[in-house]
Structure formats: structure tokens, C-alpha cells
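I've put the structures underneath this note.
One chain, chain A, links the two complexes that follow: it is found with chain B in the first and with chain C in the second.
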Partner chain A sequence: MNQSHIQQLIKIAGQDRICTEQADLMCYAYDSSLDSQLHRYMPAAVFTPKNAADVSPVLKYCHEHTIAVTARGAGTGQCGGSVAPGGGLVIDLSALNRIVEIDTDNLQVIVETGVVHAELNQKLAALGFSFPPDPGSTKMATIGGMISYNASGMRAMKYGTTREYVLGLEVVMADGQVITTGGMNCRSLKTASGYELTKLFVGAEGTLGLITKARLKIMPLPEKKGIAVASFAKLGDAGKAVVEVFRHKIVPSAIEILDKSAIKAATLYKPSIKLPTDAAAVLFFEVDGPPPGVTYQAQKIAEVCKSIAIEVNWTDEPSQVKTLWEARSVVGAASGRVRPGATRVYIGEDICVPITNVGAALEGIQEIGEKYNTIIVTYGHVADGNFHSAPVIDLDSPEEIERVQQVGDEIHEMALRLNGTVTGEHGVGIVRAKYMEREHGPALAVMRTIKKALDPRNILNPGKMGL
Partner chain B sequence: MNADALRKLVNQCVRCGQCRSVCPVFQEISIESGVARGKLALLRSFLEGQEVPAEELQGLLNKCLLCKTCGSQCPSGVAADELILAGRELMAQKRGLSPVKKAVFSVLKNRKVFDFCLSMASLGQDFGIKRLPGKRLGAISRFPMPGLARRRVIPPFAGKSLRKQYPEVIKVNQPQARVAFFTGCMANYIYTGSGKAAIDVLVANHIEVVLPKKQHCCGYPVFTAGDAEDGRLLARHNIDIFSEVTVDAVITVCGSCGSAWRHEYQRLLTDDPVYLKKLAVIARKTYDIAEYLTEVKPINKNDLGEVNAHITIHDPCHLGARGMGVTKQVRQLLSAIPGVKISEMKEPGRCCGSGGSFNLGYYDIARGINDNKVADIAQTGADMVVTGCGSCRMHLIDGLVQNRQEHNVMHTIELLAQSYAAKQAGGKTQKSIS
Partner chain C sequence: MNQSHIQQLIKIAGQDRICTEQADLMCYAYDSSLDSQLHRYMPAAVFTPKNAADVSPVLKYCHEHTIAVTARGAGTGQCGGSVAPGGGLVIDLSALNRIVEIDTDNLQVIVETGVVHAELNQKLAALGFSFPPDPGSTKMATIGGMISYNASGMRAMKYGTTREYVLGLEVVMADGQVITTGGMNCRSLKTASGYELTKLFVGAEGTLGLITKARLKIMPLPEKKGIAVASFAKLGDAGKAVVEVFRHKIVPSAIEILDKSAIKAATLYKPSIKLPTDAAAVLFFEVDGPPPGVTYQAQKIAEVCKSIAIEVNWTDEPSQVKTLWEARSVVGAASGRVRPGATRVYIGEDICVPITNVGAALEGIQEIGEKYNTIIVTYGHVADGNFHSAPVIDLDSPEEIERVQQVGDEIHEMALRLNGTVTGEHGVGIVRAKYMEREHGPALAVMRTIKKALDPRNILNPGKMGL
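Coming up: the complex of A and B.
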């Protein structure tokens, strides 16, 4: 991309929508991955559209001149997906943040893709509804970023991931053409018509098209929530308890695990949080639904866990439920505190394994930490086998950085060995591209064929996902 | 703070981006360089010796209201506003300040020249500005003025500064306490009514008021611009002046002045044990007026007369929950006034966009942030906004006028003073909106 391209883009998009100041560009050279802290992926320019319609002419120009284009939501992704390693144009969709339509009767909303998840859910909650996928980054992640990574969170086992809630999309294709997937005027909740193009763009990480609008399914909010907290002497026991709960025909809305390191981190951060510090793991089982069902399920879980756990308690009292969730929610932020002066980094941070391999994966992560002499705090969504392992390192030490990269490699390799995946929800981006071949085999070649068909000049997020 | 210590603190930012969800500047401009995460990333690169255009960095670090919202909600506990401030200091050392700031600060540093300039300005101002009709203190300039948006509503300077209106010691019969009043520039030169109201209420509570004549600007505009050296000069001067008076407390009527005494001077003087010691004595007994009249010398509610007003309250960043923590005390005082109805706005503590001199440098952004505030105010149905900071007051009045809203903006203490006056007059005051 040269100066004349930039001048042309300014003509198309308007002077105030194209940033070229060096300092501004530097602010688009990272997301929240460690990788982008170690490298600076500078774009040549940043485009900040105000309206969905502004995107198409820009993409058309970029296509004509083979200029790389990287879509960016909030840049909270942790695998370098929204940065531009080869330069080119970054399109920041933050200002496309209008909620176009809320239709609670038909259980759906239409939004521009720069809308932030929490803002959508706040509006919906006031009406008694919610868009159920719930990443920990709710306050900042955009709907476009969530769709493109197929984001989810604690409640994915019962409610599914973003994919299950995307009904239709407005997509600007590589050549600038605008298409609507899920039917031009379709407002139905399901369809059997044609190829499932909508879902093709979910998890595509901006490599197939730029999503400007989305039609999303919403659900009524559950009337009540309850929670059972169980602590275990051994990691394996925690895994057993999860399997037992399902065997007893209970589907919790979330099952979260905190291992010893996570318990320590949460307690250091907020000493008022009373967690058993001698346990190898704590499980939080959340149940939701109509009030009698909530009480029944919470009690049942407590009963099932009794013989396996050191201690089990349950409550459906809203303020207690809130306090307990707070203990879980502070862990991510608290991770860095287990080592003064050190920082938590995002690498190998969201593997996902079958439930029966949860114990093995947790033990494996601990062993890897010991092998490389690196503190790793681990917590996660055990209901679907998805973990967040947070290495805590001194960013000033090149030697530690080197070591933590090996830690990341080993964690990913272990996930594949345990019949899991290298990413449960955070995506592939740059940092996990190297595992695509191993994880997908010949299917990667099919992905490449699709990519070539839709983006023949490879301008959309080139190099990501191994494409 | 030295560069290495600063770099280590900046490193604690994991770039999760949560500051995007609360930063008023980011919400207005939706560009990554507008938010703490972006600014800290740039600062980090700069401190690591990477090539960062220093001028652009300095400009971006200035594009922050120091409203403290990001720091107060950062999951990693990064006090971004403090780091941005430290970054400003570093850049000011390396690159110097803008010529305008330099000129303004050199006047501001010299109390006599500052006094003289402002009295001259007050004499000549009716030639240059046109006062708006009604009770609120607002005017627009007749001619384009450098650094000031043309349509902008500004307050006129007071004909006579507050400190010139009073003797140095305002005596009362049988004093119950003796306080020194740190007026700050706003109450001294512009909103003298709020200074007078504070004195009236203190006197009505049998509290002797000392008004040290040689007190100076608290320095907030100076050290937040990165000029720590001059900030220290003003801090030391004020500490000396207030160390000379024997009082039970020091009273402020502005969250930024109060924060300067309580928090900022401490930071500025970390390497100066002599002044730190002197400061500790004063900082410990520095109170915002609302805090003092509820927690130290609680007012007698029987002294309050009726003021018929429907109000909403704006909590300034440096006075409210993220600053001195004075929020409930303000409500306690205001709800004690018979006739006052309070309708809370959606987020009373959300920054109004003033940010000291931020609104001069980035008027359009400040205006946008303030428009949201004005919309929140309008939604309450109240007729008046009450706040505890002159800078917010000025910016709010501008916003209300620009948005054709009729509300007046007053300082908490002014409404309280009206209530005392109503009682003394034995009747009601007029509804105090214009």
C-alpha cells in the first residue's frame, strides 16, 4: 500500500475516516496476545467507518489494488487475529455500534457488528431477554469479533456458542459486493434453504468477508439462578464429579473450575473471598430456570458431590450467588498477583478437551509449568472442557519469554494429544496457525479452497488461520 | 517517577481493553489511541526506546480527562490516569510545554501578576463579552478569542475577587471551630458566590474563617499538564502559607483543589521529606465543605429554611467516588434542605467532559461527552444542577445553553446558604432557577 493508495482511500472514505498518523497506527499494532506485545504489526492506514454502507467501496478499491484488509472489533482477541502482520488497511468497526432492531416477540435482534456485547445484553436484560453467549470480555468485545471467533464462555455447555445464535449476516465480500446470508427478508428462526453460508462466516476470523450487520437469536432470561460450590482433594475427583452430575440428568448452566493456583490468585486479590485454600480444585455449578427446578437441581448436585468432595455448599439466595460468582470472575484479573512484579500473558490460554480428559489436562498443565519453571494459573469452563491457563512471567526477561513460548507449544500439543482442540473459544489468528495442519489434516486444504473461491486475491486477513 | 519505574508499571497493562468500556473520550471518538490501553501501549514503546513520534505521543497523552474511570475499574489494577500523568511529566521534561501553556503558567505562578491580570480582565471584559440573560453566570465572547470556540459560553470574571471582599480573618462570636479556607481560583475569581456561600454557612455555624491572602492556585492545571516543577513550587508555597495559620481544618470548595491537598501534593513531593512532613499535618485536616459540614461539624437541620427547588446532582470526578469520596455527604446536606427535591440522574459520577484544560484543547470531544450528561440531566425533570466543582459548573452551563436547556448550575454550598438565608429571613426564598 503506497501513498497514492492512501490518497485514493481518503477520497473514497473521507479525510476524517482514514488515520495515518504514526502513533495512531501503533495503537492498531496489537490485540491482547503476548505475540503482539513482542512484535509490532503496523498497518499502513486505519479506516474507521461510521456506516455499514461505507465499507463496500473501500473493499472494492482494496480488491482492485490487492491491498490487505484486516477487520478489527475491539482488539480483545488473544491470538493476533485483528492485527496486520503484512501491513495494509485495518478496518476498525468500533463506531458501527447501532442496535438496529430489537424484536423480542420473534426472539431476535439486528445489530451492527461494532456493538459491544455487554451493551446489547444490558438493553435486552431490561426487556427480560439475553443474547446467551457470554465471554469474560463482555464489556469490550464486539458482536463482529464474537461471531468471527465463535466466542462463548461459561454457559456454552447448556446454551451453546455464538454460532448457535447467528441467524443471518450482512457481509461485505472481498470484492466489495454486499450479500445477506440467511435470506434477504428472512426473519425466521430456522431454515433449510441452501448452503449454510451464515455459519461459514462464524469462526472465519475475517478471512472470508467483513461482517457489518448480524441477525441474532435471543432467549428469555432464566427466572432464577442457584449455585453449588464443591471443593476436592484431587483434580481427578473434580472431573469425576462433573461426569456424575450429568449422569444424574442435571444440566448445569455453568460448571467452572478453579485449580489450586487460581484459588490462591482469587484469595490474594480479594481476601474477603472465602475459598478452601487447601483444596486441589473448587467447582462452581450454576443452575438456572424456574425457581422450584433451581432448588431441586442445586440440592441434587450437592448430594451427588457429597461422596466425592471434601465439602459442598449450595445456595439460591441471589446476593450469595452474586458473591460466589465474583470469586470466579476475579480470577483472570487476579492471576498476575501470584507473583509480584510479574504479568499474566495470553499464550496457550484456551485449549478444550473432552470432559473425561479434564483431570489429565489440568495435571498436564501443572507439569508443564513445573518443567519450564513457570507459574501457571488455571481456571475454566469445565462443563465443556475449556480451560484458561494463565502463565505469569516477568516481561523484562527475554529468557522467560522464550520459556513461556515453549510452555504455550506444549500446552497446545497436549490438547491435541488428549483429543481436544487448541482453541475452545479464542480463535486461531497468527499464534495458533501452526497447529491447523495437525488439527485438521486434509480439511485444511478444503478451507483453503473455500478461501480461494471467496477471496481469490487473498486480501482478507491474509496469513491468519494458516490460510 | 523515573522512566524505568514507570515502564514497569505500564507493563502491568495486559491490554484486555476493558478501559474501552468506560473511557468517556473513547466513547466519543471510538479510536484506539483515545483510550488508556492505546496511550499506555504508546508510552511503553516510547520507554522501551522504540521510535514513537514524541509530538504525537504528547498530544495523545493530553487527550485524557484524568477522570480516573479506567483506573477505578481496571481488572489488573493499573492506575492508568496516574501513569498517563507521569507520561505527561516525562514528555514535558523531554519536549517542554506548548508556548501557550508556558505563558499561562508563568502568569499563574506569580500571584500578584495573576491577580492583576484577572482584575484587568474583569474591568475590560464587558467590552469583549456579552452576558447571557438570566441568573446563570454565562457570557459569550464578542470576538474570536485564541483557544476558545466561538459559540462557547464562558463565565465572566468577578468584579472583585473573593479574597479582596473579606478581611483575612472573619470573626464570629463564641467560635466553635476555626478553619482556613482554601478558595481555589474558581471561587476566588469567577464563582465568588460559592466562596461567599461557604463563608456564610461556616459563620452561621459559629466557625471562624481564616482566608489566607497569600494562598495561591492549587497547581492542578499546572502539574496535570506535566509541569511538575511548577506544581511543586505552588504546592510548597501553599503548604507554607497554610502551615502558618492555627486552624482546626482546611476547607475546600472544589474537588480538584481538595484532591491536590489530599493526594496530589503527596505524589509531587515524594522526594521532599521536609515538605511531606508539613503537608501531612494539613492534608489530614483538609475537607471538602460538604464533608466538613456533615462529618466534622454537622449542621443543625433546624437552622435550615425552605428552598423550593427540584435539583439533580453531578458528582465531579475528583470530588466524588473516584476522588475525595464525597458523594453521600453532598446528598445528606441537600436532602436536609426543606423544599428541595432531588431526582438523581442515571450516572451522576460520569465525567462531564470538562477535565480542567481538556475542554480548551479538545472542545468538540468535551462537548460531545457533555451532551450525554446534559441529556441525562434533562431526563431527570429537575430544574437545577448542583455540583461541587467550578470547572464542571462552567462546562455544564455551556452544555446546557448549547442544548437549549433552562437549568441553572449551582454549587452545593450555595443552595445550603440560600436555605440558611431563608430561615434567617423567616420565609421562603424564590425558586432559584432563571
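Coming up: the complex of A and C.
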């Protein structure tokens, strides 16, 4: 991308929409991943469309001139997906933040993809509805980012991931052509017509097209929530409890786990939380639905856990639910506390394994931490075996940075050994590209064939996903 | 496909696996669609693999010699998807019927794709689990057919379609290469790694690859079910009741509708059912989950409907639930009864519209029936706007056959006008191919690009889906 390209893009998009100031570009050089923070991948320019229709002519030009294009939402991603390792143009979609239509009668909304998740859900909550996927970064993450990386959060076992709620998309293809997936004028909740392009673009990390609008399925908010909290002497017992709960025909809306390290972090952060510091793990079971069903389920979970756990508490009182849930909700922010002055970094942070390998995975992470003398706080969505491990290191120490990269590598390798995946909900981007061959085998060639067919000049988010 | 091809295929697959007897081939010349019953699309030969591994060498040969290959399960489809309009080889997958692994602890099963849905669910029910998608043809339909056409049934609003439960697939590609989607060795319930090939193959109607095995997510069976039945003076009132139920934060496991014609059919079939024959529509709300929640929800639905309906009944007593549900369950079989000696035919039978257009769609179907002097019985899954209309005609009358094709055409056109789709859960196949351009617009070109990239010789189920 040269100066003449930039001049042409300014002509097409407008002076105020194309940014080339180095200080501004720096903001686009990283996301939350350790990798991008170490490398600072500078783009040549940033384009900030004001309207969805502005994207197509820019993409058409980039296609004609083989200029790399990387879409970006809020930059909260943790895999280097929204940075441009080879330079080129970053398209910042955060100004496409209109909620186009809320149609609760038909259980759907249409939004531009720069809309922030929490803002959408705040508007929907006032009407008694919700867009169920619920990432930890809800207050910043955009719907477009959630779609492109198939975000989910803690309620995916019961409610599914983002993919399950995307009914249709407006996508600008590599050559600038605009398509609407899921039916041009369709507002149905279901279809079996044609290839499911929608679900293919979800999780494609901006490598197959640039998503400007989305039609999303919404659900009525549950009337009530309850919680049961159980602590266990052994990690294996926690795993057993999860299996037993499902066997008793209960599908909790979330099952969250804090291991020993996370219990310590939460306790240091907020001593009033009073978690059992001698436990190997604490499980938080959230249940939701009609009020009498919630009470019944919370109580039943407590009964099921009783013979396995050290201690169990349950409640369906809203204020107590909030108190009990607090320990789970502070753990992300608390993880840094286990080592004053150090920083939590995002690497190897999103593996997902079968439920029966949860104990082995948690033990494995701690062993890897010990081997590399690195503190790792681990918590996660145990209902679907998805963990977030948070290594806490001194970012000023090149030696610690070197070590933590081996930690990340070993965690990813372990996930594959345990019949898991290197990423449950954060995506591949730059940082997990090297595992794609081993995770997918011959299927990777099929992914590459699709990529080549839809983006023959490889301009869309190149250098990602091992494509 | 000539005699030498057949000889070679016999060499590759074995004499007993390749069938060319005309009488036998006739069984493969149609599915449940009216179109295929009128045309009888004869294949040149049928291959019945005994093991998943037998498929690859046959596909490799067909690819080298550009021989059309159409996969077939039980042949219960209603869109002509599993017949071979251009001849060639049909691959009958019904002998691949092994349940490879049931792993309730990890909430998943691995099956060959010829396994029949009801057989899988019978085995799972004994363990307290279920594969939730629930097509009407459960006793015959194979898992492979359900995957290839993204079947769903009446519980899709709450539980999702088949697509949501497919975690991974073994697919034989056009050239014979075998891939495993969703991770080569993965047993996780969730992943954000790589393109979601799994969900693309679901609903691709065997045009992108041939599916031999599937890894499926299962769920604990609900502990209890309840039902509320409400009858309405106007179709619009039934639509209003559905919207109100969601507004009251209730997500029924099914909402089924019988219109005037279906009430009449069910009553003729079984007078003891005692449906209100003067009603414009009857709604059946099914709720499931923890017992006290079920009672609460059934009761609440009855309250919500009270001011809108002519009459409402609800129950959480298992025997009464069964009795109330009976009217819904007989309607498919009963539809022929409205006209003695005539036959229900499958055409225009699967449109899906937004919930708020349900009333207009049902009225429209009746108007089309009147216009063409054809009796149409309509029932369906109103929670997601999906209807099954059953024209009942004299199959010996060429004039009636001519008329019913116009009926089908007008129903499909109306669905698109009402922001719907031509198929909610049965697929496109031959019979809905002509609507693809109008339903999908420029997105159809993207589908064609993917098809061409993965099946460059167009051997996989050619002539389908408007590709």
C-alpha cells in the first residue's frame, strides 16, 4: 500500500474517514493478545466507515489493487485477529453502531456490527428480551467481533454460542459485492434454503467477507435465576459433580469453576467473599427459568453435590444470588492480584476439552505453570469444558516473556492431547494459527479451498487462521 | 455412466454392493415429493456401502470418471433431494447404521449416518438423554438425511435445529478424500477453531460431500412435560397469543397450530378427540423442564390466552398431556380424510414466515386452495412460523395434478412475499430450486462459488438447490 493508494482511498471514502497519523495508527497495532502487544503490528492506514454502504467501494478498490484489509471492532480480541501483521488497511467498524430494528414480536433484531453487546442487551432488557451469548467483554465487545470469532461466554451449554443466534448477515465480499445471507428479505426464525453461508461467516474472523449488518435471534429473559455453590477437595470430584447434575436431568444456565489459584486470587482481591481457601475447586451452578423451577433446580443441584462436595450452598433470593455470584465475577479482574506488580497476559487462555477431561486439564495447567515457574490463575465454563488460564508475569522481564510463550504452547498442545480444541470462544487469529494443521488435519485443505474461492487475491485479513 | 463403469465399480465395491436390477432401482427413483413420484428418476446403479471406509474409493472412481453421485438415507425427504434426475450412481447409506459410541458424560454420541433417528433416541432415552431435533418422520428418517436437510421439527424454537447439535462430521469429499470436521480428534462441546465446515455441510443436501459419520451433542431429557390447548375465533388471535406468551417470558418447547382444515381432518379421523370445530385455529403449547416449572408455565400460558381465546385447557398430568396432544399428533395421518379416496401430496409443504405473518400465511394458503379448487389441510410449528400444508388431490386426475403444481408455486411465492423462506426444514432439492435466485439474490453466486471449489466436476447430487 503506497501513498497513491492512500490518496485514492481518501477520494473514495473522504478525507475525514481515512487516517494515517502514526499516533492514531498505534491504537490499531494491538488487541488484547500478548503477541500483538509485543509486536505492535502497524497498519498503513485506517478507514472508519460511517455507513454500511461506504464499505463496498473501498473493498472494491482494495481488491483491484491487492491491498490487505483487516476488519476491527472494539479490539478486545485475544488472538491477534484484528491486527494487520502485513500492514495494509484496517477497517474500524465501531462507528457502524446503529440498532436498525428491534422486533420483539418476531424475536429478532437487526443491528450494524459496530453495536456494543451490552448496549444492545440493555435496550432489549427494558423490553424483557435478551441476545443470549454473553462474553466477559460485554461492555466493550462489538456484535461484529462476537460474530467473527463466535464468542459465547458462560451460558453456551444451555443457550448456544453466537452462531446459533445469527439469522442473517449483510456481508461485503472481497471484491466489494454486497450479499445478504439467510434470504435477501427473510425475517423467518428458521430456514433450510440454500447453503448456510451465515454460519460459515460466523467464526471466519473476517477472512471471507466483511460483515456490516446482522439479523439476530433474541429470547425472552428468564424470569428468575438461582445459584448453587459447591467446593471440592479434589478436581476430579468437581468433574464428577458436573456429570451427576446432567444425569439428574438438570441443564444449568452456567457452570463456572474456580481452581485453587482462582480461589486465592478472588480472596486476595476481595476478602469479604469468603471462599473455602483449602478447596481444590469451587463450582458455581446458575439455573434460570420459571420461578418454581429455579428453586427446584438449585435445591436439587445442592442435593446431588452433597455427597461429593466439602460444602454446598444454594439460594433463589435475588440479593443472595448476587452475593454468591460475586466471587465468580471478580476473578478475571482479580487474577493479577496473586502477584503484586505483575500483569495478567493473554496467551493459551482459551482451551476447551471434553467434560471428563476437565480435571486433567486443570491439573495439567498447574503442572505447566510449575514447570515454567509461572503463576497461572484458571477459571472457566466447565459446562462445556472451556477454560481461561491467566498467566501472571512481569512484562519487563524478557526471560519471563520467553517462558510464558512456552507455557502457552504447552497448554495448547495439552488441549489437543486431551481431545480438546485450542480455542473454545476466542478464535485463532495469529496466535493459534500454528496449531490448525494438527487440530484439523485434511480439513484444513478444505478451509483453504473455500478461502481461495471467495478471496482469490487473499486480501481479507491475510496471515490468520493458518490459511 | 456406462457398462464398463459399472463393471469397474463392482470390482472396487464388490458384486453384492452394486445393484443394477431395474426392479430394485425403481425403489430409488422417488422420495416423498410429488415431483419425484410423477417423474420417477431412475439411477443407473445403486451402491450400498457396508462400512464408512467403503465410500471413499467409490467416490474417487466417480470423480475420475465424472459420474454423478447422489446420497440417500431412508428416502423420506419431500423435495426430491435424494433422487438422481440425471441418472448416475445413488449411494444408499442406510446400511451404515452403527451407533459407534454413546458418551453421556460428555453429552455426545458418534453415529454412522444411516442410523434411524428414533432408534438413536430410544437408546438415549433409556439413559435419560436425547438428541433433541425431532422430525415427524423420526421412525424412518436417518441421521444423515436430517443433517443433509437440516431437519428440525416442532421443538426448534427452544432447542434449535439439527445443525445446532452436530459437533463434527466425517465427510468424503468429491475426490474421495476423507476429512473430519470440528477437529480431527476433538470431543469438545464448543470450538472457535477454523472455519465451521460442520455447519456448512449441514443442509448442503449432499452437494458438497458425502457424510458417513457424525458426532452429535445430546441433552438430558426434560423431567416433565405439560400442555395448554387454546382455540381461537380468528387466526390473528392465535398469532397474538403466541406473541403474548413470549412477552410473558415463557419459551414453550413447542407451539403447534391446527387451522380450520386441520381441525376438521383430525375430527373426521378420530371423532373422540373433540376439537372445537367452529374455531379458526387451535394452538397446542407444550412446556418442559423441572416439574414445578412445568406446572407454573402451563398455568401461566392458560392465563395469558384466556382473554384472547374461545377456550383454554391446561394440564401437567402425564396421561392428560398425552390425550390433549393426540389431536396434534394424528393430523398428518388424518389430512387425507377430508376427501375420501384422495391422496395427500407433498408440494409447497414447508414454508416458514415471521411469527407476525402467521395469520396472513394461513389465510393465504386457504385462499390459494379456493382459487384452485383444492382442499389444503394446514398445520405447523407456529413458534418459528413453519407450516406444513397438505393439498389433498385425486392422483389419477392429470388436471388436478396440473392445478396442485400451481398451488405449490403460489404458496412458495406467497412465503417470499411475506418475508419468509420456501423451506423451513425440508430442504430445496429439485422442487424448490427455481426459487433460489429470488430468495437469495447475489448470495446464490457465493453458494455456486463454494460448490464449484469443492466439487469442480459437479458430480455430487447435481441438478439440486439451483446451484
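What to note about this one:
Simple rule for what comes next: the second predicted complex is superposed on the first by the 467 of 467 C-alpha atoms of A that agree within 3 Å, B and C clash if a C-alpha of one lies under 4 Å from a C-alpha of the other, contacts with A are read in each partner's own complex, and residues count from 1 in each chain.
Please note the rule applied: a residue touches a chain if its C-beta (ideal position, glycine included) is under 8 Å from a C-beta of that chain, and two chains touch if they have at least 3 such contacts.
Here the structure is a predicted model, which is why all the values come from computation and not from measurement.
Residue contacts after overlaying the shared chain place A:76 against chain B, while chain C stays out of touching range.
By the touch criterion defined above, A:453 lies against chain C but remains apart from chain B after alignment on the C-alpha atoms of chain A. Judged by the touch definition given at the top, the superposed model places A:40 against chain B, while chain C stays out of reach. In the superposition on chain A, contact of A:27 is made with chain B only, not with chain C.
Considering which of chain B and chain C touches more of chain A, the answer is C.
Contacts of A:427 after superposition on the shared chain: chain C is touched, whereas chain B is not.
In the superposed pair of complexes, A:261 makes contact with neither chain B nor chain C.
In the three-chain superposition model, chain A touches chain B and chain C at no common residue.
Chain C makes touch with chain A in their complex at residues 104-107, 128, 149-152, 156-157, 160-161, 163-164, 173, 177-181, 183-197, 199-200, 202-204, 208, 219-223, 243, 246-251, 289-297, 300, 350, 352-356, 384-386, 416, 419-428, 432, 435-436, 438-447, 449-454, 465-466.
Residues of chain B touching chain A in their complex: 8, 11-12, 14-18, 20-21, 30-33, 38, 41-42, 45, 50, 52-53, 56-57, 59-60, 75-77. Residues 19, 21-24, 26-32, 36-37, 40, 48, 74-76, 92, 94-95, 97, 114, 116, 118, 137, 139-140, 330, 332-333, 336, 341, 343-346, 395-396 of chain A touch chain B in their complex.
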